[in-house]
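Please find the structures below.
Each of the two complexes below includes chain A, the first together with chain B, the second together with chain C.
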Partner chain A sequence: MNYQAPVRTTLLEVRDLRTEFQTPSGTVTAVDGVSFSVERGERVAVVGESGSGKSAMAMSILRLLAWPGRLAAGEVRLDGRDIARLSEGQLNAVRGRLVGTVFQDPMSSLDPVMRISKQMIEPIMRNLKLNRQEARDEAVKWLGKVGIPEPERRIEAFPFEMSGGMRQRVMIAMALSCQPRLVIADEPTTALDVTIQAQIVEVLKNLTAEAGAAMLFITHDLGLVARFAHKVAVMYAGRIVEFGRVEDIFARPAHPYTQSLLGTIPSTEMLKSERLPQIPGLPPDMRKPIVGCAFRERCGAAHDRCAVEPPVLSERGPDHSAACWTDKGLTDSISLKPKSSARTNKPFEPDGSVVVELNALWKQFNVSRKTTVRAVNGVNLRVHKGETLGIVGESGCGKSTVARLLLGLEKPTSGDIFISGLAQMVFQDPSASFNPKMRIGDIVAEPLVVKSRGAKLERDEAVRRLIGQVGLDASFIERYPHQLSGGQRQRVAVARALALNPSVVVADEPTSALDVSVRAQIINLLADLKHDLGISFVFISHDLLTVRYISDRIAVMYLGEVVEYGAAEEVFADPRHPYTKALIDAVPVPDPVIESRRSSVPLEGELPSPLNLPRGCAFASRCPIATDLCRAEKPTLPTHELSRQVACHYAV
Partner chain B sequence: MADITLAPPTTTRKTGFKDFFAAIGRHRGLRHPKIRLALLILVPILVLTALAPVLPIQKPLETNLRAMMQVPSIEHPFGTDKMGRDILSRTLAGVQISLVVGFSVAMIALMSGMVLGTLAGFYGGMIDRAVMTVVDIFLAFPSLLLAIGLVSVMGTGLVPVILAISLADVPRFIRLQRSQVLSLRSRAFIDAARTINAPQSWLMTRHIVPNTIAPMLVAGSIAAANAILIEASLSFLGLGIMPPQPSLGNIVRDGQTYLEQAWWISTLPGVVILLIAVGLHFLSDGVRELLDPRSRQ
Partner chain C sequence: MAEYATKKLAQMLITVLGVITLVFFTLRLIPGDAASAMAGDTLSGEALQRLREQMGLDEPLFAQYFGFLLDIATLNLGETITTRVPIAELILRAMPITLTIALGTIVLSVLISIPLGTLAAYMAHKGKRWLDNALTGTAMVVDLMPSFWTALVLLLIFSLALGWFPASGQLNWSNPGGVALRLALPIIVLSLSQVAMLARITRTAVLEVLNEDYVRTARSLGWSELRVLFRHALKNAALPVATIVGLSFGNLLGGTVIVEFIFTIPGLGNLLIAGINSRDYQLVQTLIVLYALIFVVINFATDLVYKALDPRVQF
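Take a look at the complex of A and B:
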């Protein structure tokens, strides 16, 4: 790792921070005694799942907690000053001037009715004591640095005139323009596509290094941590459970939670016949008091002491500490692998019959009389029986439209869809895909009722069988969706999709709304069903590691076209289309050693508007090897029969 | 698999009457302060109204020329009017009319708003445009003015009054229902039902309408309160329930001439109108807060 130890002066010191939320059902201690420090120029990543208190912790540092949150105890020393004791007026001088912030959602963190210039120039004038013209020059300079084209012109734009990636760049420019000592970034790239994420991360990394600013980077993505951070703090249930240098955390994790998290990410070497290691259970309910170690119920190494005494952070090596009573956490003897890590029963044998066939599929949406969005432009795809087809691509590439066409939710403008049997769907957001007024049993039975399959008793029997098949017990039948966790809801969605014995299940981002520790459970479930029942899957995701693990074949889409198609392993090992290469390069791998070796030249630019597509190759505007030929003539995908297809004039 | 949390089997579906009433007693609705206040105001009025025929008071239309314009006393708690009729008895009869009007208007407006709003929101296109054009025209008039206009066409009396007020209220309900349907229509669970080829009637009755009922009920209780006020206003203006049939509005109108000599004739029924309106508003406010997902845990 290119980590040069900076001059060891502490910039931020947090001691025994406690943050509480007053809720009608009692006090929730979101942050429970967190202590750590950040050196000057250091990038510290805070990793944790939703509810782990990572955002509440970051907000507490700036005292930006909204009601009913409250900084209950602790000390936050920034540059030697205790933030907790400053007046609101003094704090305002700290916020912006000493600490810059970048939030997750670039859509809502900029004022929609103010031009960028107005939002940027005034803070610069105030903080750096410049006059309006100087401040404006400074703002333009920063917009240029974060990669906004034509910054002199774009500074007069309104936020709605910019894409999500551009707005996030503006946020970064705003955060850095007052030359802060510390930048707090709360999931700054979560809402963005991988290629844009790679660009943003690079910008943040270079600019903070250039300005000598330290950074507190909050994320749930371990890959990003490996790419980005010097140090890592792993949070669970409001506490830091492990803290150390990024190399140590990834190479020698000491806390069972860290070890489990690292284990649940599908690695590039993993065999498909192996199940993903998964963390059993759910994070604890923070409304109830936690006795002992909060992780003990999900921990393979838990023993008596864990139930009584909460472990404290203890030294595990230079600059490395973990809060666990065991020395090494999970060892091989108590591994987190499921009991049957390899699937033992005989796998379903594909017989080569085609279940889904899309022929020259086109879909256009008429936005108004004059403008047409061309969402899908001539897609040919086949899915064989028992096969999983992964569709990857950035948002706006048409992958979800293909799914909706396949399910008959949209009618194609032209082209044929052939499905042998029935297509069913598992949706992205498990909180929206169920009718909140229906019980789980009714939700699962609905397809049977609508198709009037079986009598009431037979349907009840079928529901019990389906619920069991996805690993839930019969008590769920009587519950309502809001009483279930995200992972449980996604299981119910799978059970419902299976009710009519479909030949193909379309899963549109089925794991993207789930926490890391639950994600592996759902991926294992889908892989098991495919293995046991021989159902074909169309798996749509932007999470390339998951797609690689679960898919047999992969179709890479760009602007409504398939640009590369082939066996999953081959496409990943040897991407031939420059876009596929760029996508795979953009995905951060949870290994700091690999990350430090990778070239850091992310794909430039953004997806062109699907309102007017280029005449030649759609990717030419961002392609590093594009020539005049590409811009003039469109490369087409060879016919179906090839096992590997690439739409590029220069594919090797 | 792993994220199973065993829960005791739920048995709430099969319970006796005892449990049922105990459950009502424990219901968080009854613990809500605004609903409590509303019930504290409304329940005594309702009970008195229901008991009016058996209470030891004069019948509402009975006159007593020996006891005209009496100050409130034990015998005549609200006093009497210029014809010696008992104001309390007349007020309770008026309340009865008010409640019939409020309830009928709320039901009519709710039902027709639900049907038309659902159809307009779900199908869109021509149906939507036709319904919404009429709605927009109706909404351009204040509801009291509209009701006066309609009554003057349809005539006076209980049924015309109910119809006139309902007609003036329906457009608001259509609007509300349509906006709810529009936002529900694009939810993922509608798509999920469409992937199993569920018929449109199924989508509307099973998925859309059940999710629109709570806000419509809240709107319904507000409409009931407003309908009571409008009926009182119409009767006060001499356009609603005609004397000698008592209604809160025409009792107040009767007493208006004698405000200086006999304040009780107008004032006490007026206070009752106020109490009913306040009670219903607290009730709808409480129900709204109760149904608001943000107030749930």
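Take a look at the complex of A and C:
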């Protein structure tokens, strides 16, 4: 046995992978003949929307699929072994040791009744053949590396004693501590705030590079891909439709789906008067067999051949392949842009009147006799007629509390709220905000019924008009919420919000639960409504690119205070508050060229507890330029000025 | 943990005091009074008055109440009204028997139901539902059979027809084998419904935990299925199961009364029935307080177990 295999650089090779789910309504082929390879030390991003099979594919690689999922066919070669044919025992020697895994939801991915030490040390002992003390030292070392303060002490914590960001760091430390060759990260930052996401991505990137491990990174966020990946696999309906180096995918996308996806993201040059390009329709129903190309019904370049023969991946350049029968996919002649990309009808003319005014608004929640959460601390804001105000900030900054105060769902501790007319709400998760037993027509009519507006006939008329206004046809009136897709449900939510003719609509993360290709449809809808009806919007989101596109003015909130306010373009182009700067820096931009030029020093630390606020500037504990002045004296904002305002002693 | 236990202990004492108060005043609510209810039509006015004095019923209500509290605190429980045997002595003789039946039932049913429920859950998790279906079906049939009926059937078959277990006779603690044979059938009868319930609860709890993300994490670290099942799934599933075991103890105490009666076992249950039959208020009152006390102690123990199992539990 002196023969030594030649040094191979391919670490993971997947061939014709098929993953099936047996459901009562038939076999769903979640992954349908996927082939790709990952070289040693390479970071490959797998991009796709929900249902594209990206997670099922990643889980198939380790055979971690839960019943009724099953690896139906194909080969997964990792370092020469075929995972698909290993026994359970052999597989367990690969899991954890050769492949480390980081999952999406840090809140639920650690055993809640076990100390971190126990969860970390025992895998290290087993995989690296170390004794308990050595393994413990190793675990502490990794916890330190992923940026957990006081690792010797924190290793004895239970998961519930840590924040989501800290738990995800623990997951990363766990995955890396057994020195794997491959790290599979399944949407590892989706549940986290942008600033924490930036920190986690940086940790993952640096530590895998340091260890020389390859990474398979599953995400739906094209910005993260640009920041992170060497290569990209774009998945649609269970297949890889495009694969290539990250620069090629972003600069020269060849598949119409990739091209459309990149087009739907609001870019910085885009004019607000233009509608976002949107992908029409919905992804296919995976329970039904797909004939031909799965994307053809949403594709501007589709022709006869696409309907009969599914395209296979073909060379489009070095290391670049795409599965499309049309050579260059969409070109200028067959554009994906909607025909009337600029709005032609006359826009609503704002008259400068104030629709919403918040004066010195404070809100405190008494958690117990001793502790008080200070959620909103002296917020002054105005929204003018026909204007969209974007509120951004990390979770816990008080933006949702402001929304709830505005709608009268909470009573302010002090301060007053003026609303001219009526405020209505659109929630993040439309499926959770509907009664599943009510028909769409009744859901939309509900506000009218509650306020006893109009007779039955008039209400029916109003429902038809509202449903049409949000771009759905009248057949939806008789349907139930579960028969609708996420995007359609959000349209219904908008229709319901419009029923009482509100002067302002508060939208709290209205697009966060939606897939990328559907998101643009909803953003266009909201922008159209503002344009046509002159409704004011308060748009709360952590998606800064969307906020920038849709908002006229922006308020950046931190720990219950507005730290910067101004016209959207100005704030984004020239952020003056260090927190705004950090927030904008944290958001990955879907352009690998820009990303590679950006500094990669994310904002440190996490949002301090709103239980005991600092005396001086709330941001001082995380601010790179904070001085003694900041810690002693709180910078303030002038009230209700339209011009740029920054609450910072050192704003430039 | 010590702080938690102290706090729970204080809560427990308050509950016990509440139960004693409730028992005392409820019994005083009956029309007439305890003495006349006891005597029925047998005693004349003067004799009845003597009985009242003897029972202390002529004293003011609150004096009686505090006297009752004091008696319980000092374990001065009095004597039975007809046979003049100290109640404390009766309880001391009967309680070990009943507790043996109850604890024996808990141990037996936990030993059977947890592996059974876990196995059913595990197989269902892997898509093999036959054991799950069989278990659910059997549990439903068992639940439909009242324990007095199963008790009679088992008594007929195994004691009277086959003669495997003695159906009557003294319980002599110096002969543990004899005690075991005598108590086996009651324990089995009570365990049937306990197993039916606990196995289903375990099955549901384990099945739920097996779908949790942290179980997937454990698998992704390369732990074997057995270890995933025992170290992660069972440990987390134990939380709801422990709660239910504690709560079901109350039902179980009720169940012992029935089986003790059917199998003529001289435990607390038969003592209670005797007390009711002879209208011995002192005895019944004391036994109710005792039952409540046992129940509260078991709840206290459940809380401690729960706290030990789940670090997230606060007060």
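Everything that follows uses one rule, which is that the second predicted complex is superposed on the first by the 643 of 652 C-alpha atoms of A that agree within 3 Å, B and C clash if a C-alpha of one lies under 4 Å from a C-alpha of the other, contacts with A are read in each partner's own complex, and residues count from 1 in each chain.
In this text, contacts are C-beta pairs under 8 Å (C-beta built on N, C-alpha and C of every residue); 3 or more make two chains touch, one makes a residue touch a chain.
Owing to the predicted nature of the structure, the values given are computational and were not obtained by experimental measurement.
Chemist: With the two complexes overlaid on their shared chain, look at chain A and say whether chain B and chain C clash or fit.
Modeler: Fit.
Chemist: Once both structures are overlaid, what angle do chain B and chain C make about chain A, taking C-alpha centres and a multiple of 10 degrees?
Modeler: Between chain B and chain C, as viewed from chain A: 30 degrees.
Chemist: Looking at the overlay, what does A:475 touch: chain B (first), chain C (second), both, or neither?
Modeler: Only chain B is touched by A:475; chain C is not.
Chemist: Thinking of the overlay built on chain A, is A:156 touched by chain B (first), by chain C (second), by both, or by neither?
Modeler: Neither partner.
Chemist: Looking at A:446 after the superposition, I want to know if it touches chain B, chain C, both of them or none. Which is it: first, second, both, neither?
Modeler: first
Chemist: What is the contact status of A:64 with respect to chain B (first) and chain C (second): first, second, both, or neither?
Modeler: Only chain C is touched by A:64; chain B is not.
Chemist: Just checking: does A:327 make contact with chain B only, chain C only, both, or neither of them? Give me first, second, both or neither.
Modeler: neither
Chemist: Compare chain B and chain C by how many residues of chain A each one touches, and report the one with more.
Modeler: After superposition, B is the partner touching more of chain A.
Chemist: Touch check for A:416: first (chain B), second (chain C), both, or neither?
Modeler: Neither: A:416 stays clear of chain B and chain C.
Chemist: Is A:16 contacted by the first partner chain B, the second partner chain C, both or neither?
Modeler: neither
Chemist: Tell me, in angstrom, the smallest C-alpha to C-alpha distance between chain B and chain C in the overlaid model?
Modeler: 6
Chemist: Considering each complex separately, which residues of chain A are in contact with chain B in the first and with chain C in the second?
Modeler: Of chain A, no residue contacts chain B in one complex and chain C in the other.
Chemist: Taking the complex as given, what residues does chain B use to touch chain A?
Modeler: The touching residues are 1-10, 13, 187-189, 191-199, 202, 206-207, 210-211, 297.
Chemist: Within the complex, which stretch of chain A touches chain B?
Modeler: 23-25, 278-282, 404, 407-409, 423-425, 427-429, 432-438, 446-447, 450-451, 470-473, 475, 478-479, 485, 487-488, 491, 496, 500, 518, 521, 524-525
Chemist: Please give the residue numbers of chain A that touch chain C in the complex, ascending.
Modeler: Answer in residue numbers: 62, 64, 66-68, 88-89, 91-97, 99-101, 103, 105, 108-114, 123, 126-127, 158, 160, 171, 174, 178.
Chemist: Could you please specify the touching residues of chain C with respect to chain A in the complex?
Modeler: Residue list for chain C touching chain A: 125-127, 211-214, 216-225, 231-232, 235-236, 239, 309-312.
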